[in-house]
Amino acid sequence: MKPPPFEYYAPTTVEEALALLAEHGYDAKPLAGGQSLIPMMNFRLAQPSVLVDLNNIPKLSYIHRDENGGLLIGAMARHNMVQHDPLIAERAPLVHDAMPKIGTPQIRNRGTFGGSLSHADPSAELVAVSVALNGRFRLRSQKGERWVPANEFFVGLFTSVLEPEELLIEINLPPLSERSGWSLMEVARRHNDFALIGVAAVVSLDKNGSCEEAKLVFLSAGDGPVEAHQAAELLKGQKLTAKAIQAAAEKAASADIDPGSDIHATAEFRRHLANVLTRRALNDAFERAKGK
Amino acid sequence: MTKQFIGKRIKRNEDPRLLTGQALFVDDVEIPGMLHAAFLRSDYAHARISSIDVSAARERPGVVAVYTAEDMGDDWEPGPPLVSPPPTLQGVTFHSRRQAPLVRDKVRHAGETVAVVIAESRYIAEDAVEDISVEYDPLPVVVDLGKALEPDSPLVHDDLDSNLAAHLYQQKGNYEAAKAQADVVIKKRFYLDRGAAAALENRGIVAHWDEKGKQLIIWDTTQAPIAIRNGTATRLGLSENQVRVIAPFIGGGFGPKMMMFYPEEMLIPWVSMKLCRPVKWIEDRRENFYATTSEREQIHDVEMALTKEGRILGIKDDFLHDTGAFDPYGLTLPLNTQCHLMGGYDIENFSSNCSAVFTNKPIVTPVRGAGRQQGIYVIERMVDFAAKELAIDPLEIRKKNFIPPDAFPYNNVIVDQAFATLILDSGNYMPIYEKAVEMIGYEQFVKEEQPRLRAEGKHVGIAITPFIETTGVGPYEGARVQIEASGKVYVTTGYGTQGQGHYTSFAQIVSEQLGVAVSGVRIITGDTAEFHWGTGTFASRGAVVAGNAVHAAASAVRQKVLKLASKVLATPEDELELEDGKVRMANIPHTSVSLGELAALANPLRGAVEPGTEPGLEATDYFGPQYGAAAFGTHAMIMEVDPETMMIEIKRYIAVEDCGRVLNPMIVEGQLHGGVSMGIGNAYYEKLHFDENGQILNASLADYLTVTAYEMPPRIEIGHGETLSPLNKLGTKGVGEAGAIPVPALFAQALENALLDYDLEILETPLSPNRLFELLYKS
Amino acid sequence: MKLVGEYTFNGPREEVWKIMRDPDVLVTALPGTKRMEQVSEKEYIGEVNIRIGPISGSFSGKLTVSNEIPPESITLTVEGKGKIGFLKGAGDVELIDRGDGTTLMRYNGEIQVGGKVASVGQRLFDTVSKSMIKQGLDKLNETLQDRGAR
Amino acid sequence: MRNLFNLSVTVNGTLYEREVEPRLLLSDFLRHDLGLTGTHVGCEHGVCGACTILFDNEPARSCLMFAVQAHGHKVITVEGLGTIDSLHPLQEAFWEAHGLQCGFCTPGILTTLVPFLEKNPDPSEEEIREAISGNLCRCTGYQNIMEAVKLAAEKMRD
């Protein structure tokens, strides 16, 4: 299991990196943490002829506030750094909760926030979480820059709107609204495995304690992050009673998601789990929202 | 007699090297000019090869050679049978079909070796493998064990008229007569599926043919270096003494590294001789799932006849055993299964037909537990169902049927893997079983805790499973013990080691005899240049067979020491004692002579060695047990299940083991911990998923789920019993496989008990969350 | 792995049938198809380069059609192999005239994957096949509408 | 395409300069180019953890990095922890608690734990499980590894 040959470049600035991507186009692949790409290369399922290593661009690794109380995260911020960052814990607790669920400690030391998102694995926690939090992604190429909302960024299995010559350089996470609560629930065979299914939930309450808005985003439930719009619709304006939550959970599991089958779980089992986890996640998020 | 070294928790001699990265593993061998091999393996499980084109591969820079079966010419021949069928069994059918170094005509399982590339680096070799193009004519595939014997099934081996690899029938008493008198007869069908051994170290081999010295040195991750040496010499037309096989430190064996000859083991030495260059092949993880053997698929149709009081009158079990595409390992596994189908119970009537079946799946040979886990699963499940049917307490029905202590040695009548009638040498089962019951706090749990937890809506179950393990079978092992003039003690044996702590437990045996520090005893295992004779590391036989060989040799050296010392100190032997590397007079300890001095005296430079004596303080001896030693144990667990997510949590785990005399409790406990972790994998996590084409769908450690620290119980609480084996001087029994044997049966019991309100009936292993979901919500 | 589904084309059944049987259209429709040529009335050979994010692999093979009942139903059989493995599959396709100018396609088939891609990529099969079928049919539907527009 | 790179990397305190192919995995570089065979390779897809090394003092999979990526960085392997004559307290603890059997996974576990124990001088059972959850061991069932870590924590505290 040895990777095939490739040309290697180690740019030290974003500009250099973008120039290389522009030059090599489709044959080139940016190398961030490499914790998903390199296994695929070792199996020779991925055979990029050019690797543009982003690990020598220190400027891409940071976490700080933005002017409206949200966060700006550099694409090369490593999971381990995000996991232990006080700002994240305070302002993006859902991300903080997701971190220990990503891979293993060693993987988190190399894997990067932007790399995980660009890889667009439907089983990745951050993919679902970024959508649940209404994240925005800053993409740049030599042609210029654009901001893309998370829910428009992911277009399919391992596929995003990123053009071959384009890089995800920064992620913006807006602040959670007042009186909102969150939860991330998943079921995995072993602690570190890809979740059989998982759900990120964010609910916000209005002044009289009814659900103002609910966001339910599933992982491992389709070819990308799957947002449960119909279930969310059921909750809008409702008091979050056990009955309302159960109805939403059933709707999400039966109507919103279209999970596949694999050796670890049939689509049917995934729907069952989705129902259970949605109920638990909504209760959890609701409790947090009330607590605030 | 009180022991000074045996039975003590002594730190392992091998550890400092392992802990500092100084231990030699096969892939650590570097030789100047060494070449690297990579294999082209068949993607298809069953197909004819119509053409192979290796021209592009041969032209790639850095490639030294590419071989297909054709290129081997007359040197091409299948591997030898590893174990022949038992001669003592009447009317046994056995069709021996063995794997070849490279496939010539027809591929019989995915991953079979089709061509090998030899290149300057493994990287280039893998590039060149992609240059090879093979035309296959795919054939219908035999995957489903249950269908493989149907008349219209495709044939794995065209020269046979069915996929039957072997059939054997064994009986004891008269089951049908017993059934006629029975109050109840219970019938069940069980499905047991396949798992991998998945040792952390994949297989590997380095072969170095020295053209000038006419010597072939092989480093091999094998559990049987002696047999590999002998077989290789025969295959390559060399004398055994021209071949040196070294099984250095090995990253876990668990059975499959006992299998021989793997195609790579036949091929790599041959290539090294062809090219007169050292050649290394290291199996990668994906290859490991296809190319290394695996085990456990069987289908059992079982009947149990009982009295209404719960006395077991008889068992009838006709089962199918998947042997994969070839059967080099003979009938060891089905025989082990049959030997354990009566568990630790006194059952007078038994009848069992076993059909071993060829399928287009990788070869099946023993994996830790080796057929025993299946036998114990079947008998223990049946006893559980009997208890339920008869409304008898599951503990009581077991106690009612245990072989009583005065019945040992107990003749089980049927033939075991050693081709001899299975005799359970010794045992006292009840105290072990009751110890487990007590340690888990059964009474208190079922009377108080469980009802309370159930009231809280928790699904928590308890299980207690007894089991036997036949261990320590022959034929023999040997050892040489030598005291050097330096005072150091040097011990060699042909027995290979894969982490079981032999460098320490064997040293303890020697120290006991010679009164030297365990750390001062240097052990060499698994190097055929150091010791010529031996069999291999299997059947939990290290401490029993090799251990007693070491003991015999050490005792002989002790006699030589005493004889010489009594001359030197002018004192009768019985007034001497061996202590701290010296021989001293019991009554005046300061008068002593060191072992080193004695060793020097035993190898005089002048004078004459007395006729009839040998120079040096050295002895070689062997041990072959009359028959195997039978260990017994009982495991217990408390498990919580979330019936919504199917996630489980093991709250408590108890393992009580009677493996005869314990040489080093620390090592024995370690063996049990590891066995249990593998058993937990077998029960709920580990399964090789084959699709209808014989493709393995989880040939990676991301999808083949060995347990991590998270899936283990908080701790495994261990209890010991000690019924010495009368068959060997040390009184030891094997324990290496014990931990894994009862776990799937234990799991099934715990799940049924935890999910009482679902009236679950578990008839299969391994389970998984998805399968449990189906059982709970689809029935 | 089973592939069962439905798809609605915004066009009459005859038109759908035509494009389905037109290799030049299929080349553009089947995701990653590099070339496809008709070697006999019932047989096409071609090369497909499947690319899913970083994973890529080219398969060469043939597509055979049988049990043809124009414009109602057809059976498609594919066989392909490449460095990362092989795939073979067969499926029945049925076209139902909705009467409102649209056509309902029902497909029911089974696809089997082997080799490296099967042994380490199983987690992705279902999603991949689903999305590839959808991509393909969407493309056919576009072509169909372009033609209608002309 | 064999474009070679001049790589200079500090491993266990020694500066090495070598010419390498970009695709050479760090694990292979350490084992076969530098002869530091204490780092083991168990899966080459980042699951088993046997190849774990310290990359700038953080545990990382050396099978999921290319050697060229180590240029200008600091690597510590098991050979850099302690020697047979003077074991690292963690190594001593593994010896005393029987925290290893075949020893193949051990180097990766030791390198994983060194920084862990420096950051968590008194870890809880749960923290220890989490810390070693990225390392597979087939022999020990992890129990004596857990014991060894607790023992090591004591040793390293005083």
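Every chain is named by a letter (A, B, C and D) in the order it is written, and numbering of its residues begins at 1.
In this section, a residue touches a chain if its C-beta (ideal position, glycine included) is under 8 Å from a C-beta of that chain, and two chains touch if they have at least 3 such contacts.
All values reported here derive from a predicted model rather than from experimental measurement.
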When I count C-beta pairs in contact, which pair ends up with more: B-D or A-D? B-D
So, comparing C-alpha centroids, which chain is the farthest one from chain B? C
Quick one: report the Å distance separating chain A from chain D, using the average Cα coordinate of each chain. 29
For the pair chain A and chain C, the C-alpha centroid-to-centroid distance in angstrom is 31
Can you work out the whole-Å distance between the CA centroids of chain A and chain B? 44
Expected list for chain C, residues touching two or more other chains, is 83, 116, 120, 122-123
Per-residue multi-chain contacts in chain B, two or more chains: 123, 130, 284-286, 689, 697-698, 700, 702-703, 708, 710
In chain A, what residues contact two or more other chains? 1-5, 43-44, 191-192, 194, 263-264
All chain pairs that touch each other: A-B, A-C, A-D, B-C, B-D
In the complex with chain A, residue positions of chain D that touch it: 1-3, 5, 21-23, 25, 28, 44-46, 49, 52, 55, 58-61, 63-66, 68-69, 71, 112, 116, 130-131, 133-134
Chain B partner contacts - residues on chain A that touch it in the complex: 1-5, 43-44, 187, 189-194, 196, 263-266, 269, 272-273, 276-277
Quick check: in the complex, which residue numbers of chain C touch chain A? 1, 52-57, 83-84, 116-117, 120-128, 130-131
In their shared complex, chain B is touched by residues of chain D numbered 21, 23-24, 31-32, 35-45, 47-48, 50, 77-79, 81-84, 87, 91, 94-96, 98, 100-107, 110, 125, 128-129, 132-133, 135-146
Spell out the part of chain B that touches chain C in their complex, as residue ranges. 43-44, 110, 130, 138, 286, 289-290, 689, 691-693, 695-700, 702-703
